[in-house]
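Below is one structure. I have some questions about it.
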Amino acid sequence: MDLASLSLGQYTFVQNAFSFGLAVMAAATLFLWFSRSHVAPAYRMAVTISGLVTAIAAYHYLQIMLSWEAAFSVVGSSIEVTGSPFNQAYRYVDWLLTVPLLLIELILVMRLARDETISKSVWLGGAAALMIILGYPGEVAEASGTRFTFWVLSMIPFIYIVYQLVVGLKGSISNQPENVRGLINGAATLVVISWLFYPIVFLFPLIGFTGGAAITAVEVGYTIADIVAKAVFGILILAIAIRKSEAE
Amino acid sequence: MDLASLSLGQYTFVQNAFSFGLAVMAAATLFLWFSRSHVAPAYRMAVTISGLVTAIAAYHYLQIMLSWEAAFSVVGSSIEVTGSPFNQAYRYVDWLLTVPLLLIELILVMRLARDETISKSVWLGGAAALMIILGYPGEVAEASGTRFTFWVLSMIPFIYIVYQLVVGLKGSISNQPENVRGLINGAATLVVISWLFYPIVFLFPLIGFTGGAAITAVEVGYTIADIVAKAVFGILILAIAIRKSEAE
Amino acid sequence: MDLASLSLGQYTFVQNAFSFGLAVMAAATLFLWFSRSHVAPAYRMAVTISGLVTAIAAYHYLQIMLSWEAAFSVVGSSIEVTGSPFNQAYRYVDWLLTVPLLLIELILVMRLARDETISKSVWLGGAAALMIILGYPGEVAEASGTRFTFWVLSMIPFIYIVYQLVVGLKGSISNQPENVRGLINGAATLVVISWLFYPIVFLFPLIGFTGGAAITAVEVGYTIADIVAKAVFGILILAIAIRKSEAE
Amino acid sequence: MDLASLSLGQYTFVQNAFSFGLAVMAAATLFLWFSRSHVAPAYRMAVTISGLVTAIAAYHYLQIMLSWEAAFSVVGSSIEVTGSPFNQAYRYVDWLLTVPLLLIELILVMRLARDETISKSVWLGGAAALMIILGYPGEVAEASGTRFTFWVLSMIPFIYIVYQLVVGLKGSISNQPENVRGLINGAATLVVISWLFYPIVFLFPLIGFTGGAAITAVEVGYTIADIVAKAVFGILILAIAIRKSEAE
Amino acid sequence: MDLASLSLGQYTFVQNAFSFGLAVMAAATLFLWFSRSHVAPAYRMAVTISGLVTAIAAYHYLQIMLSWEAAFSVVGSSIEVTGSPFNQAYRYVDWLLTVPLLLIELILVMRLARDETISKSVWLGGAAALMIILGYPGEVAEASGTRFTFWVLSMIPFIYIVYQLVVGLKGSISNQPENVRGLINGAATLVVISWLFYPIVFLFPLIGFTGGAAITAVEVGYTIADIVAKAVFGILILAIAIRKSEAE
């Protein structure tokens, strides 16, 4: 990642995207936690966890934003790198915490038997950790070949997870009250589409984007994906919980 | 925007306006959220969202204030620019988040059928995003011509939104309990007047204000508009919610 | 205001007074908001607003303290001014927000008819804004004559407000349950005495205090007045609310 | 107080003591306020105040810690003074706020008649303020003679307060439910012992401790005394309140 | 501890581990405290304390992270030490506070008679303090011999504590409702394994790790141990409390 290739405009755009991400995550957290009282006790834990995911993300967007601002200094109408590195690991550390939490939420939604719930959590959680740990060396690599190799490796657990989710969620739809089937279908679709976005964003530097444009596209792309996969998804989970509470 | 043309007095006045805006937004947030318990559960969501709007604004006024203070340094009885840019985008990012939230609140108040609620939210939300995105290049442009062009473009979605709101809110008045009709009328008027203020403030640099005076007028103008459209509006929504709760 | 005339002792004394003010305001805020649950719902709004007043003041004392510390740097056993100005406007911005809130509280206590409540709020709120806006140019003026002129101007709305409060509060005493009449009388007296303190403090630089002593006397004087008019007054309002709740 | 005589080890030890104090006070605050719901409404105010005392102390330990860190800079394996003074007044300002709050709590526990409660509060509160104000000039004095003189003066109100507390608390024991007599006796003993610790710590520089050792002993001594008199005492008050709630 | 021997990669890895620790502790705190409402009042205190332990740890990980970042500065692709020391004492101060709290939780779980509860708390708490105080001089020692000597000394109270816990917890299993016996057994195992991890991590610099690798292994090792012993353990305690609440 050649930070020195960024223009002032690109720098500012990414900075604004991070600040936007932070504001969205913090606002979603507050909204979700305030809405706990509108939800029957049985569904409250799911809403709490959704808010926890956005809270953790808000913390990491703050750190990402501070790291970004420390890496550059604006001089007149151009920017210079300060030597302080932009720490991309905050993103991966965030995922290491939030992806398992999201998977647990989805598995709980499937209403499986107790043993299956536990074994699924362990297998999917492990696969998610593997996916993220395999992705990181590619993200920070300078060489395109390395980036691609780790993408391929990371795709293996990724495909496994997505497959399990699609099968599991579709299969559980029939156990659900009728008034939420549409929403759960929507949530499943949202998960698949938003998750697919991550490996595509990762490929941007290999499919035409170079220099500052590549950095901008990657950072803004991940930020959009995070907003959909965490905040929008959390609101959907809340909507499902409210509907189910009314049904009772 | 020629920051170097500001006097110390203008700098301090704008700084105080930002601090005032921050204090008002934070105080309104706390007041709205504390008042949730005075409101029947059915109206609580609206009050929560009003407080979310002011909370998001409080965050952005903090960022705006910090960006403003970093852009200048006081030397004796005059000021110098530090080279660090004043980031106006925080304002537009704030609007991108809060204007859709305000529109959703207003649409909910209209009590439309479910399908209409969703389609209206999508159309008005989209128009609002367009309005703000078209306004930004004008705001940061140096040339008056560019500023004016984007003003004209941004006015198109703006007029559409205001027209929809006026028609929709007036039409919904008859569905409302009698004791709140006056307040809802007041809220509708407040929305229209405060929203109209934004494009007027935007024009200040084109209608006589120059240099430091233009910057001061724009920043203070937007701050006043924000206080009315967010904090005062939120209190009105709370008053409506309290009345409706009593009526039940 | 000649900051350079302050001694290290005076600087530290004022700094400690600001920190004390901040701690008192924050503690009062927490205490008032925690005590909401001891109060019947009808009186909760008054306690919430009392806490809001001290919360706003806590924010402004933080800003005042930071501005004070940035204006000086300690070198050995003496101090130097850094060139960064001490921003007295934070105090006036604070009053612009908190004085109307306090007046609203007092008017609500008077239990007037609805129309009178609204018209009194508008008139007294307007007079308070005028009083503070007229006082500010005097506060920051170098010349004694200017300071005195604006004092006289600001005294006009001040006398009007105090007169209205005394008459209104006394008149409302007979509508009150017997067990709180003493407390309400006490609150009315406290308001008048603490409010009278402000214009007297303002005059300190004109009645003998000079240089560092004048600055110290003014800043510490306002801090004491604020503690009485906001925190002590808030506790009295809470005591009245608790008594009234018990009476029901 | 000769800051330059501190060794790196002493500096770090005091810094760790302050950080420990801050963590204890903040944790005690949270614990006490969370425990409010375990206590009958009649005893909740006492628990709220206990938490307020530790909250105020947490704020002051933060300020003390920041002031301490600003006063020194570490260079290799030794330290240098930066010229920024270590502000001991934060401690005295803290006591000025928290000692009266603690006395009010103790007086409430005595369950006196209303008039006596008020007169005792005024007298003991006044004596406490006198004690602290008389102690401060001694604390910051360079000369041993001055330190001792103010110690003697401050001991007069101190002895009066301790005497009143011992007599009052012992006398009130018989009004208390049996299951809490032991705890109240314990609380009274804890108060007397922890309060006695303060004037002894104050004497450290006069009874053998010199240079860095004196500063270390005083700062660590006060920190331990504060933890016992505020946090441990608060937990005891909570225990008494829980027992009394169960008894009802 | 030779900070200068760290590579940039090791520095960043440890920094990320601290940030991860902070995020986990803060998220666990929020989750535990939100879950209080899912638990019967009798078990709420245990959940509150679990959250207090992670809250205290979050504060200390913040301090550890800030101390770490202040100790190094990144220059291009390598790092330099700044001279500001990395303060390992924050970790030991954290343990001094949190280990007794964890022991109290475990003793409460054992449901002993009142006298035994108190005597066990005193003995185990004292042994824990001794263990930590004896470990610290070894942690900061340069010489391997000193490190080992204090390890041996610290192991004595450690073995006593672990023995008491194993015996006590096993013995109390039969007093527990059947549906939680498995979980309590799990919690006991988790405690023993996670606690055993600490003295092993402490030995890393003596069993092959040198320079930057030793520092990295120790810091990351303790962080992992803390996450298991505090956050994972807290979640287990919550699970036990929820089950017991359902059983009632």
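Structural remarks
Letters A, B, C, D and E mark the chains in the order given here, with residues in each chain numbered from 1 onward.
Keep this in mind: contacts are C-beta pairs under 8 Å (C-beta built on N, C-alpha and C of every residue); 3 or more make two chains touch, one makes a residue touch a chain.
Please read these numbers as outputs of a predicted model, since none were measured by experiment.
With centres taken as mean Cα positions, chain C sits 47 Å from chain A.
Between chain D and chain E the centroid-to-centroid distance comes to 29 Å (mean Cα coordinates, whole Å).
Residue numbers of chain E whose C-beta contacts span two or more other chains: none are found.
Under the stated contact rule, the graph of chain-to-chain touches is a ring, a single cycle where every chain has exactly two partners. Round the ring, the chains follow in the order B, C, D, E, A when counting starts at chain B and proceeds to chain C. On the side of chain D, the complex with chain E involves touching residues 12, 15-16, 19-20, 23-24, 26-27, 30-31, 34-35, 37-38, 74-76. Across the complex, chain C is touched by residues 33, 36, 41, 44-45, 48-49, 52, 55-56, 59-60, 63, 83-85, 87, 89-90, 93-94, 96-97 of chain D.
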